[in-house]
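In the two assemblies presented below, subunit A is common to both, partnered first by subunit B and then by subunit C.
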Partner chain A sequence: MARRRSASELSYGLVIGSLAALALVVLVGPILIVLATSFTDSRSIRFPPQGFSFRWYELLLDEVRSRQIHRAVGNTLHVAVVAAGLATLGGTAAALGISRVAGKAGRLADALFMSPLVLPGLAFGLAALMYFTLLGFRPSLELIIAGHLVVVTPFVLRTVGASLSQLDPALLDASRSLGAGPVHTFRRVTLPLIAPGIAAGAFLAFMASVDNVPVSLFLSSARTDMLPIRMWGMMESTLDVRVAAVSGTLILVAFLLMLVMERLTGLTRRMRG
Partner chain B sequence: MAWWLRKAGIEGETRVQFRPVPPAMTEAASLRGHTLDVLGLGVRYGAFTALDNVGLSVRAGEVLALLGPSGCGKTTLLRTVAGFVRQTAGRVLIDGAGIDDLPPNRRRVGIVFQNYALFPHMTVAENVAYGLKARREAAPRIAARVAELLEMVQLGALRDRRPAQLSGGQQQRVALARALAIEPSILLLDEPFAALDRSLRLDMQIEIKRLQRQLGLTAILVTHDQDEAMSVADRIAVMRRGRIEQLGAPVEVYDQPATLFVAGFIGTTNRLPCTVDGMARLRLADGTPLPVPAGALPPGPALLTVRPEQLELRDEAGPGCFPVELGLALPLGGQTVREARLADGTPIRLTEPRLGAIRDLGARAFCGLAPGARPALFPRPTPEEE
Partner chain C sequence: MSSAAALPAPRARGAAAPALSPWGLAAPLGLAYAAFFAAPLFMLFAVSFYADEQMTRFGLDQWRRFLFDSFHWKVIADTLLLGLKAVAATVLLGFPLALVYRAASPRWQRVLLFVVIMPLLTSVVVRTFAWIVILGREGVVNQLVLGLGLAAEPLRLLQTELGLVISLTQIEMPLLLLPLLSVMSRIDPNLMDASASLGASPWRTLFRVILPLAAPGLAAGCLLVFASATTAFISQSVIGGGRLVYLPSMIWQQAMIAAHWPFAATAAIALLVSVSAVIAVIAYAGRVAGGRVHG
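Then we have the complex of A and B:
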């Protein structure tokens, strides 16, 4: 009996352990490879890297020779900041509205706002391009912002909605009974209690905009180059090692932001909710 | 108590006695002498009637308990008075003036919520100060008042704690101080003791009662616990299905239940099936005539509700006595609760004094009404009415 149980425990541990190892290999492996490659001394992307140097990072920082990359980074940050900012405002307002509308109408509005997460990004990118062209718009950063806004708002709606569902309605009643009007109640009770959810949503929306490919692919042009598109272009034409250096930088920045957000808001807890 | 114990908050769940109310507060006219009148109040949600023509008056300085099973409308009544629920009929008056059109934040009704509803992101002192800040009182006045209230509920040492760092009893005291800070004209207590353990509950009931007396507060207590209603309230309104079944002093509600439901809901009661005959005499199902006036009822089946202490056991048959078979005896302190069965199998409970000889399980004896007992008599309901 004891022997059999220990055997089943062993096989259980073995399965879980190998799954974990597989996940590590698949998820973390590529990141380590790209990081290692970015420090290569050779002139092309190849693994294992030849020698060790910072030359590709230095080249990446070179204002003249990496001008196009810098412009793409500028565009990407501009779009991400504006899109995430608008998405935070709109998503929070939408979540507040949906939390107050009970029943079918609320669920329908929620489903509509969340649909961009389900809709294939490529289909939406193409549709947005055709639609904007039809309306007579020329490619511009504003159009990309509009496109990104649609696909990053669901992140804010989700995290703020989760915060609101954990907000005890008795707290709002208590505030009202103590003489506070709706505005005072919102500022002093609702907002502080859902602030971590808003911050988490803003962070997720920002990151989703930074590495969005499908929408940018259709809506960007030579003038409004976006970083992911530029990286793909460099990779396709020249196997430029700076692509690895850009990836390394992105990984580092995302990791640091993640640490900050975890500290501030318990991000991973919120994403589970 | 040692300072370090107090600092660690360990004194929380032991006996707490509130400080005497500061003279400035007892003299404040604002807390004293407010009345609440509810006139013909009705609340409907679609086809569901939550409150049906409810009327009651709470006198100045009185505690009125709303007692009833869950879903009886007592919480709806409380929320309507507070302004969270808009009535479909009737009026609510404080000091004779209608407050129906005021939003909850302008009614000056203090509430202690069931789960206390303390603001988790604020300290104890900030929670108590909340209502005063919302009213834009001057900062020095707020500080003085918060200190005074925290001192009164013995929480001065914990003023910078967050609610999550407090015990249940401490949280309740913060909730009470916070509600009193706005000098409410009416205090609403929504099952405030439900989350406390038994020994602490009694302490808090006594302390809140004492405080209410000293301040002259008018209060409504919502509860489903009849002992709590009995011990804290001056009068009890027993509610069922959105209506008030009976409103009266605790003793009155216990001794003279107006309806069969009240008789069954308050205290323990025996229901003896009887018949009223054409001569307005009451007979038990086995034919024993009972010395209970039945003139108020038409002839036909009836139910006599008798408290356990209104019955007594005798060894010999006598007038008004019926035979019973004795069951288990449960010694509860000064009395023994005895289970028994009538000849037709109806189970009853009665109390015996502990000093008497203990009768055996399964023995036969006779049971009759104790001298002076005034049991309540009702027409026997049909199964649908129950």
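Then we have the complex of A and C:
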């Protein structure tokens, strides 16, 4: 009995342990490989990289030869800032509203607002293209912002909704019974307590917009080029080594932003929900 | 409590926000969704009922063309199967990682969480690019395989479904892990001890105690992975290549290259409906499995 028990404990530890280790390698390995590759000195993308240089990063910074990439980065940041800003305002207000609607209606509203998260983004991207074109709009960054707004708002709703559900109603009652009006209670009690949730949501919405493919794929044009779409083009044609340098930059920026957000909002805890 | 009567009556119950009705607060976002989400989707349906490419008259021609061609059904099946394979692969690796996470100290839990979220915040295009470097003819895998003498010539991994599923495993795994880790951390460790002290092997505890308790989080994660893998156009087209046809590449091809909007709309609705149907099944399974334990 005892022998059998230890044998199964051993097999459990071995199987689960090695699968989990493989999962970690699969998760992190590719990112480290891309980062290392971006410092290659050769004209081909290989791992391990040959030589060490910043030449692809230098080419990436070149105003003239990387002009298209620079424009795509500018467009992407512009869209992400505006879309995430609007999503944060609208999403926070909606989350505050929904949190006060009990029962079925509240759950239904929540499910509707969250649906872009599971809906095939590509179908929505095509729908947005047809809609805007048939209404007579020409491609513009504003249309991309409208499309992104819908797909990034669920991130705000989720983090703000989670903060609100952890809000102790006794605090609101206390504030009221001490004579504070609703506006005062909101500004001095509710808002400070849910602020980290709002910040985390804004950050995730921003990152989701920067990363968006399905909507940008249909709504971007030569004039309104977006970074992921440009990178796709660079990967499809001749494999341009600058893709590695762009990737390396994005990885480092994501890493730094994540450290900052972890400090400010406890992001990892919040995303675990 | 008697003093409460002397105070001014609260205007709104649980007033988290001032002076505005709940629906008033949700209205701006609701309007934005109506204009930029519901209306476009309605337009997608409408366009699919144009009979011809020039969109001059209505008719069921595109639907007939789509549904009465076995090739399209094969594309739908391949797309859904790709999603299910991605779900299976991410669960096979992700669930053990979640088990390790559950047993880890708070400090290590934070490290693991960081490792899971980091790839999620790294662009999907970057992650797709990484797998080209790894799976290519001169990629990491082939260098290993050739170096160890396991094969005489480079394996063909890019432009195969195997390569695509491997890539999607990494690309989508964070989506599985976030909800899964969240339920795992809420499981009472005493239950595991109780199960062990009653003589259950770790495997039995895994399947009879942990798995049912984790079911809602597992279902939520599977749902996100499935939704994302079936619509992952760039990974599908760059790693899968032109010979593997899935609904997203078909939709893109028809809309942007062939400029045949009614047919593209029909294919997009097929993607929408088929993916939603599978998602509904996964969500239902999660509720049933969770309800048996939590209900």
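Heads up, the rule we're going with is that the second predicted complex is superposed on the first by the 268 of 273 C-alpha atoms of A that agree within 3 Å, B and C clash if a C-alpha of one lies under 4 Å from a C-alpha of the other, contacts with A are read in each partner's own complex, and residues count from 1 in each chain.
Throughout what follows, a residue touches a chain if its C-beta (ideal position, glycine included) is under 8 Å from a C-beta of that chain, and two chains touch if they have at least 3 such contacts.
All of these numbers come straight from a predicted model, not from anything done at the bench.
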item: Touched partner set for A:Arg46, first subunit B, second subunit C, both or neither; value: second
item: Touched partner set for A:Leu77, first subunit B, second subunit C, both or neither; value: neither
item: First (subunit B), second (subunit C), both or neither touched by A:Asp168; value: first
item: Subunit B versus subunit C as contact partner of A:Ala127, first or second or both or neither; value: second
item: Touched partner set for A:Leu59, first subunit B, second subunit C, both or neither; value: neither
item: Larger contact residue set on subunit A - subunit B or subunit C; value: C
item: Touching partner for A:Ala109 - first (subunit B), second (subunit C), both, neither; value: second
item: Touched partner set for A:Ser177, first subunit B, second subunit C, both or neither; value: both
item: Partner chain in contact with A:Pro192 - subunit B first, subunit C second, else both or neither; value: first
item: Overlap of the subunit B and subunit C footprints on subunit A, listed as residue numbers; value: 176-177, 179, 181
item: Residues of subunit A that touch subunit C when the two form their complex; value: 4-5, 8-9, 11-13, 15-17, 19-20, 22-24, 26-31, 33-34, 37, 44-47, 86, 89-91, 93-94, 96-101, 109, 112-113, 116-124, 126-132, 134, 146-147, 149-150, 153, 164, 167, 169, 172, 176-177, 179, 181-183, 185-186, 190, 207, 210-211, 213-214, 217-218, 228, 231-232, 235-236, 239, 243-244, 246-247, 250-251, 254-255, 257-258, 262, 267-269, 271-273
item: Contact footprint of subunit B on subunit A as seen in their complex; value: 168, 170-171, 173-181, 184, 188-189, 192-193
item: Subunit B to subunit A touching residues, read off their complex; value: 82-84, 103-111, 113-115, 117-121, 130-131, 134-135, 178-179, 181-182
item: Touching residues (chain side subunit C, partner subunit A) in the complex; value: 4, 7-8, 10-26, 28-30, 32-33, 35-37, 39-41, 43-44, 47, 92-94, 96-97, 99-100, 110, 113-119, 121-134, 138-140, 143, 169-170, 173-174, 178-179, 181-182, 185, 201-203, 206, 223-224, 227, 230-231, 233-234, 237-238, 248, 251-252, 255-256, 261, 264-265, 268-269, 271-272, 275-276, 279
